[in-house]
Amino acid sequence: MHAIGVDIGGTKIAAGVVDDDGQILAQTRRETEPDDAASIDRAIADVYAELSADHKISAIGLAAAGFVAADRSGVLFAPNIAWRDYPLRDNVAALIDDKVTIVVENDANAAGWAEFRFGAAQDVDDMLTLTVGTGLGGAIVTNGELLRGAWGVASEIGHMRVVPGGHYCGCGHEGCWEQYTSGSALVRDAQAAAITAPERAARILELAGGSAEKIAGPHVTKAAVEGDPLAVELLAELGRWLGEGAASATALLDPALIVVGGGVAAAGDLLLVPARKAFSEQLSGRGHRPEATFVVAAMGNDAGMVGAADLARL
Amino acid sequence: MHAIGVDIGGTKIAAGVVDDDGQILAQTRRETEPDDAASIDRAIADVYAELSADHKISAIGLAAAGFVAADRSGVLFAPNIAWRDYPLRDNVAALIDDKVTIVVENDANAAGWAEFRFGAAQDVDDMLTLTVGTGLGGAIVTNGELLRGAWGVASEIGHMRVVPGGHYCGCGHEGCWEQYTSGSALVRDAQAAAITAPERAARILELAGGSAEKIAGPHVTKAAVEGDPLAVELLAELGRWLGEGAASATALLDPALIVVGGGVAAAGDLLLVPARKAFSEQLSGRGHRPEATFVVAAMGNDAGMVGAADLARL
Amino acid sequence: MHAIGVDIGGTKIAAGVVDDDGQILAQTRRETEPDDAASIDRAIADVYAELSADHKISAIGLAAAGFVAADRSGVLFAPNIAWRDYPLRDNVAALIDDKVTIVVENDANAAGWAEFRFGAAQDVDDMLTLTVGTGLGGAIVTNGELLRGAWGVASEIGHMRVVPGGHYCGCGHEGCWEQYTSGSALVRDAQAAAITAPERAARILELAGGSAEKIAGPHVTKAAVEGDPLAVELLAELGRWLGEGAASATALLDPALIVVGGGVAAAGDLLLVPARKAFSEQLSGRGHRPEATFVVAAMGNDAGMVGAADLARL
Amino acid sequence: MHAIGVDIGGTKIAAGVVDDDGQILAQTRRETEPDDAASIDRAIADVYAELSADHKISAIGLAAAGFVAADRSGVLFAPNIAWRDYPLRDNVAALIDDKVTIVVENDANAAGWAEFRFGAAQDVDDMLTLTVGTGLGGAIVTNGELLRGAWGVASEIGHMRVVPGGHYCGCGHEGCWEQYTSGSALVRDAQAAAITAPERAARILELAGGSAEKIAGPHVTKAAVEGDPLAVELLAELGRWLGEGAASATALLDPALIVVGGGVAAAGDLLLVPARKAFSEQLSGRGHRPEATFVVAAMGNDAGMVGAADLARL
């Protein structure tokens, strides 16, 4: 059965028709206004109209960045879109004449589910996805099921505290994991190095056009791929925190596989080799238990769309 | 259907016939030798013989402190009993003539399951049990199922790291949660206070017979119940770590209920009030999500036995 | 003998004629351009001309925010003024015809010295001044002498690390004490509370005109003086870090007195009571040693001017 | 002028006649009883009688492990000897007929002073000695004078807190620097590695006779000198904490030289190279200031004796 998956970003939505094997048969996009929630409702109805013209659609999955209600009907809170206890499902349904199942899913959960069903984690029943982008998102599959929690807001893994009194986080707390393992952390660490060791930061600064304020994650990754020692160190430090945090999460979850996605995952082994080392060194009970494997995500940018479509079908 | 639950301790086993409602119909015990694994096998067969004489038994659940194999057939590793990759199920089965299902479960998981099925967490589908005893054990139920992980060693929650470079743990790592939230932590904190503030520690020391080395958890709890300011502070500090760690676990798991058991839970509100406060203050997304409730465990010392019996029936 | 003290700020200088008892006999000011170091040289010569017209002056002390050379001839580096290895003494001397001693001193050292000579610390030989302003500055007097260090850059006490992996600091490192004990820290903590507990932050937000971005230290202090619970807590937390850091500094320095100055010191006991408690609780060897006393600075905003003048005379 | 220096240990005292150049002209020893303070008084009088028979002595310096009174007359508190507010100077004087100056000094201060006057730090005016033995001791010289503090208990540098909530310390606090940089820390880290990575710890365990409980600092150092990867890592980690803590101390003290002594200093560059790297990386204001040099102590085990004698002469 075909379903539509919609990945809802701050300023645009991407939608696709997804078949039972996770293949995308058709795609389209719309620009939206993050401050105008109704514009997003209309854009979703619009892409449905376009895509359903040529495909028979049984369900629509909406991947949303935010706290999603446990009954998958809407969004409790979103950091970047004007959603507060927003009944997204019903609002969209009211704009669509067809009888079609509509569900809302957290975007990181949707992306993780795509890895589980069609990507890097197809062969396991218990996995953890860590999406290292601007922040750090997560998805947990245990015994073949997506772990949603009592109120649908599980897997907010980036807000596990790893340092008491640590870096300030946008959530208002200190020491959240995503302040140590994310593209934002990478950028701030590089900017700090530009102050404490400007000579070592020369290549990163050059790639950023000479300005510490303009350093972005890809500058660091590019420098590291070239072999720049500081950039390699910065990614290794990020990887260390990735592995150490994953060891804590593993104490709770015991996954077989840890899938690392997001923009920073493009650094590949520069990130994963230090992550695996730190994970092993910090894993409780090591030597008396099998150890999870770290792999890079396989689904790319379409993961949220594909996962949301698949979850809508279930 | 009746099942036997066996709680296997270091020096004794306690066994009981448990009915479908979690009631214990009969009980018995045996002393055992932790260094002689075969003596435990025999003792289990022996209690089965005794209890099955008067009750029809369909299954035996064995609650073991250690890493339990994912197929529930044995123990990978135990800290206090001479089990290393030990085929406990088959060894016991070989000593029993009847055809009866035998399963091995982690003891904290068994106890948590008892709370979920018959105790404090009967009304929820997603819960976290935290057993604050000598160490800190845990059990996770998500969507009505026990979370066992890929290899059966999930919920080793006491080894989530809460302080990088923190207290040494017997597991060989630093900063494990159980070094901040356990009876052992309470004792060490009281002993430290006896050095830095002996005048404030007078009552606790008195209860311990005058010797800092002899301070035990119940001395602190008793002094706190009497209103001793230092003891109240020490339990509040333990409660703070309990709540803060639970907030991190909640970022991953989103439970509806957090059940606090173990010997230290006897302190009741002296522990739980500070725990709830710290939990709320550290909970990510607070205000945009429902919050888990903290309650004291209801099943007492029989929780492991009852939970193991019930899990064996499933 | 009379000396002139000059307090050099980013956009203005304040100068005064100071007598042997630390009394200011005359004062004047000039506006300056932080990006134009020569404008500051000229302004200093200018205030000298004005003040020396009516007073016989033997020395000029220049209080500068930055790393001051060990021979007190200039500034190695300043964060807010365009000084890099800048020969401030000789540049000013070249603009003055009279033969007069000119020395450059770090501004926090100058202010601390004023407390030692004429203010809160007149009666001790060993003291530590902690200036809790935008950042955290310090001055150390040991055995009656200002501790300058091998290269003149001692007492950069705000950059003692108190939390590994802690808050980012403008210096490029993590976990510097001034990120936990300063007006900036107070503001950020209040802003974080406005996210995690907006209802509790209502009064502080009201004082800030309704906007978290506009919260300033005095809003928190005012709310605390009124009895607002959150504001009281925030100052207590700042005080706790103040006391705990001071206990670490005391392990090295063993001062008789700790003088707390700077804008945040206006909070008085709301800051100092928690600071004293934390200091006592963290002080190593407590009970076997006398303990330093915490007091509020007595010299006010003129401390830097008075101290610089006095140090120039020595 | 000749002075006698006495290094008072728990179970023995070592005494020597020291000339103006720090040379030891004669030596002797006595066994003592740590629980019998009077036996130490008598032993000191006894070594004085022996040594003064052949040498003209003007002063006696007593190096004591403990908090020494500011007037250098006795010991406020000692961890390993039965001294509590003990008038050591007067007690010894009462047993000696000659008129001779007697002063008591903290042993780490005495050893550091010897390095300053005759050893590794002869050429500087501002230095910090770090004695990495069982614990972590320190001595501070600033502007050519020993920093004693208001009450004589400065330089208890091992109790600067480096990790909030960190390792328990015998002083009753958590996270003291000496729990990260000392022989005891090295041993515990090696024992922890024997749990988490027994295969990597094989060589260290072999040197310790196969038992983790018997691991001592020299086993780790020896293995590291042989090139054992784990031992090298453990010393590097110790060196990292040494350098990072020294960077914090330098923010306060700005020494020209950091002299590393004590048993663990025998590891030489295995300790110092990582220490220097960490120091540079953590030094606030790096690039805008000269940096302290790290060197190994030069005076060996006689440092306390020589320093105490020299300080008695002043």
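A, B, C and D label the chains in the order they appear, each numbered from 1.
Criterion: a contact is a pair of C-beta atoms (placed from the backbone, for glycine too) under 8 Å apart; a residue touches a chain by one contact, two chains touch by 3 or more.
If you're wondering where the values come from, they're calculated on a predicted model, not measured in any experiment.
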item	value
Contact-richer chain pair (by C-beta pairs counted) among A-D and A-C	A-C
Far-end chain from chain B, centres as C-alpha averages	C
Distance from chain D to chain C - Cα centre to Cα centre, in angstrom	34
Rounded Å distance, chain A centre to chain D centre (Cα mean)	52
Distance between the centres, which are taken as Cα means, of chain C and chain A, whole angstrom	45
Per-residue multi-chain contacts in chain C, two or more chains	163-165, 171, 173, 196
Pairwise touch network: line, ring, star, complete, or other	complete
Of chain A, residues touching chain D in the complex	164-165, 196-198, 281, 286-287
Contact footprint of chain C on chain D as seen in their complex	67, 76-77, 84, 124-126, 138, 140, 142-143, 145, 147-164, 171, 173, 176, 244, 247-249, 251-257, 282, 284-285, 288-290, 292
In the complex, chain C residues that touch chain A	163-168, 170-175, 180, 188, 192-196
